[in-house]
Amino acid sequence: MAEIRKAIDRAGHPALLMVDTISSLASTDYRHDEWGVDVTVGGAQKGLMLPPGMSFNAVSDKALAANKTSQLTKSFWAWDEMLTMNKVGFFPYTPATQMLQGLAVSIEMLHEEGLDNVFARHDRLAEATRRAIKTWGLDTICRDAKYYSPTITAVLLPEGHDADAFRALALEQFNISYGSSFGRFTGKMFRIGHLGDINDAMMLGGLAVTEMALALANIPHKKGGVQAAMDYLVSQHGRAAKQAAE
Amino acid sequence: MAEIRKAIDRAGHPALLMVDTISSLASTDYRHDEWGVDVTVGGAQKGLMLPPGMSFNAVSDKALAANKTSQLTKSFWAWDEMLTMNKVGFFPYTPATQMLQGLAVSIEMLHEEGLDNVFARHDRLAEATRRAIKTWGLDTICRDAKYYSPTITAVLLPEGHDADAFRALALEQFNISYGSSFGRFTGKMFRIGHLGDINDAMMLGGLAVTEMALALANIPHKKGGVQAAMDYLVSQHGRAAKQAAE
Amino acid sequence: MAEIRKAIDRAGHPALLMVDTISSLASTDYRHDEWGVDVTVGGAQKGLMLPPGMSFNAVSDKALAANKTSQLTKSFWAWDEMLTMNKVGFFPYTPATQMLQGLAVSIEMLHEEGLDNVFARHDRLAEATRRAIKTWGLDTICRDAKYYSPTITAVLLPEGHDADAFRALALEQFNISYGSSFGRFTGKMFRIGHLGDINDAMMLGGLAVTEMALALANIPHKKGGVQAAMDYLVSQHGRAAKQAAE
Amino acid sequence: MAEIRKAIDRAGHPALLMVDTISSLASTDYRHDEWGVDVTVGGAQKGLMLPPGMSFNAVSDKALAANKTSQLTKSFWAWDEMLTMNKVGFFPYTPATQMLQGLAVSIEMLHEEGLDNVFARHDRLAEATRRAIKTWGLDTICRDAKYYSPTITAVLLPEGHDADAFRALALEQFNISYGSSFGRFTGKMFRIGHLGDINDAMMLGGLAVTEMALALANIPHKKGGVQAAMDYLVSQHGRAAKQAAE
């Protein structure tokens, strides 16, 4: 993001930089001010570990200034009333009170664990997931390790295998629900989420039934994905314990 | 149980037969009337999937008659008031109302799945657990397959390894809590529960972090336990799918 | 609403009729199709008795047609994706799943009571509230009985008394929160909500502490408001019992 | 209680003093150690504001000593195992974990309000209740003001009126549930609870529908009970505000 900002600035372009952090906020490092983002959109239901039902914005001074003179019809982006009322602790319309109370608890939980630990946990479970997929002999959508996501990994099925049928079988047999495929990958991939209130046991349980669903769906793959994920996680925990002991 | 009853009867002994079903009710077949049990004690917090806080009795006519003439001081076993009030839908003292409402939902869930399916699920996950343990090269307390429990399996650690230290490490590292050791096995075993609201993903997640905890605790074992459990579960699901298709 | 529709039609005007039912839906009779409404906006947090966090639209064919050719920028009103996905039981984006499950229960509760009974209950509690206010010698905003709201009643304070200070006192002393004042009535009124999951005891408790707060705030008023509300409610319950007996 | 203790001591009697605090704990002052009580029995579901499902004991050294040599069969009173395990933070059997977590929150709430304020609130609502009953022209069971309960008040109905029929009518019409009658007052009284998580609005709402139910049940009484309760509560709040201002 910081690089995009710099590129915009270098080009002397007046564009505002808007970032969708719904699937990443509180799961990986993100810096609205420091990176010069103008509008950040966040949501409650991923890294913040709440039910769906609340979204929010962080807005730069530059975006506020642009908002004042903009001729666009606005609804979500009409921040004036919200900013005025928020200053005295209220909302212009009925706020999602339960969600706000839940958010206070989520933030407390995140700080109790420590944001660095939260981010490290996401990185660790993401890498474990990729190692399982690689062991199965399957591909992920993302081809450049630089852009691996710490929160979601999309798995490509071999030519001739329907990802939606696979998702339906896994849901039916193991009560596991993957992110659906879309766009040019419709029917070709399923997405494994590894974010929010998740730990090693949940992740490995999810990978285990995924490996089992691949078998039941007769999708060509090699066994051992869960074992590879476990080996990696043991090595990371062992390393952490060693460092703590030194 | 039925055999114990028959043995008592064959001996012409007047003893009442009392059965503690706390860790088995709704997880495996049980027949109070048919097996001639006199007093059954059940609880909410295991197979009935509720928080702890409620216990109950089933009582035979023979036990009620014995109760009337018994000279023992009674408290829990003083059923008279309860039986009188229950007939008109009330309790002699404050009942655990929330638990009773939860119990209605639990029973609905059990019947939705079907009791036979519930029992088969427990047997399947118990066998998967035993296969993992066997692959690790560890022993269980129960030496006769006839008495394997469908709800809990106690794992013996090799001589010289402290089970309580192992449980503490697993809790700290993986947030998993095993049943404690006691009696002559104090410090020598930990117990894996596999009952109630549990499915393949939860069970395999639990076995995976157990295998990882064995590694981190430097307890001699062979890897592959989770793989063995998965192989067994895939074979069972595949068999069930095949039977359904026939 | 039906009259507005007819007036629009008589004038031969092509305007769409849009109705905000957030504070009335499920509390009073409303007929989207029958009354010829084009767009109805509803919310979960009032008559539907849920926490805030979900809103929805009912849309006429005429509105859908207009939507297709409209040049306005749309966000909430871009129904296409939603309609397409809803047909197969899904949502284009993450839906507020918990709210939808709650909604199913709310609707079940409303039908269990019976919609006619729900509406009659709202009318009854609204009239009881107005009788209390009249007895206190205070005015409501609504001057024409034809337009009395079955869900909310705005109370005007006498000249020289600050409604916001009154609301703060009542919140502090009695933990009761009224709707705030706004527009040209800012600081002059407070609003009593009487809708959703509310019964006689809750309503009378709320009126009682309101009467007490008027006393503690030294706002000129006559006592007896709660008594007037009770007298009215007794007469209505007595009448209903009599009718049921006939 | 302290007086009973002193009387026992004066008589030189070895009896243990056991106190049932289920309906009073955390609603009125109580001092196990200071008053020389030997065994206190408490429960979660009244002043501690939790669902039913947990009970506990406080035990004096004298009771523990008696327990060691006692020949009675014991179950609840067999404290040894509990005391041993509690020392290391555990329970001998499955504890009601959710209740314990709820208890931590209850205790936090009580201290946030301040125990003196909690007790004063109970006294205030109890007196308001008695004033309502007196205004109705009805009697309470307790004839000596010295023994008025701060948590429950039993109302006698006039000769010839069935208290159980009255309770059924109030439950049906107003969804209010009173404590039942028993012993020699069976069918002659109903009991109003005013304890736990209760404030002026709840209490007055309850008294209001009680006054209405008396009318609907054609039980001879005078109106104005709720008004009397309100007048008393206003005077107390006004006095507290005045004291705070001085």
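So that you can tell them apart, the chains are marked A, B, C and D in the order they are listed, and the count of residues begins at 1 in each.
To be clear about the criterion, a contact is a pair of C-beta atoms (placed from the backbone, for glycine too) under 8 Å apart; a residue touches a chain by one contact, two chains touch by 3 or more.
Given the structure is predicted, the values throughout are model-derived calculations rather than measurements.
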For chain A and chain B, which third chains touch each of them?
none
What's the fewest number of moves from chain A to chain D, given that each move must go to a chain touching the current one?
2
Among the chains, which is located farthest from chain A on the basis of C-alpha centroids?
D
The pair out of C-D and A-C sharing more C-beta contacts is C-D
Mind checking the centre-to-centre distance between chain B and chain C? Centres are C-alpha means, answer in whole Å.
51
For chain A paired with chain C, centre-to-centre distance based on mean C-alpha positions, whole Å
38
How many Å are there between the centre of chain C and the centre of chain D, using C-alpha atoms for each centre?
38
Could you draw the chains as nodes, link the ones that touch, and say if you get a line, ring, star, complete or other?
ring
Checked against the stated definition, the touching pairs are A-B, A-C, B-D, C-D
Touch list for chain B against partner chain D, complex
43, 45, 51-54, 72-73, 75-76, 94-99
Quick check: in the complex, which residue numbers of chain A touch chain B?
173-176, 199-206, 208-209, 211-212, 215-216, 223-224, 226-227, 230, 233-234, 237-238, 241
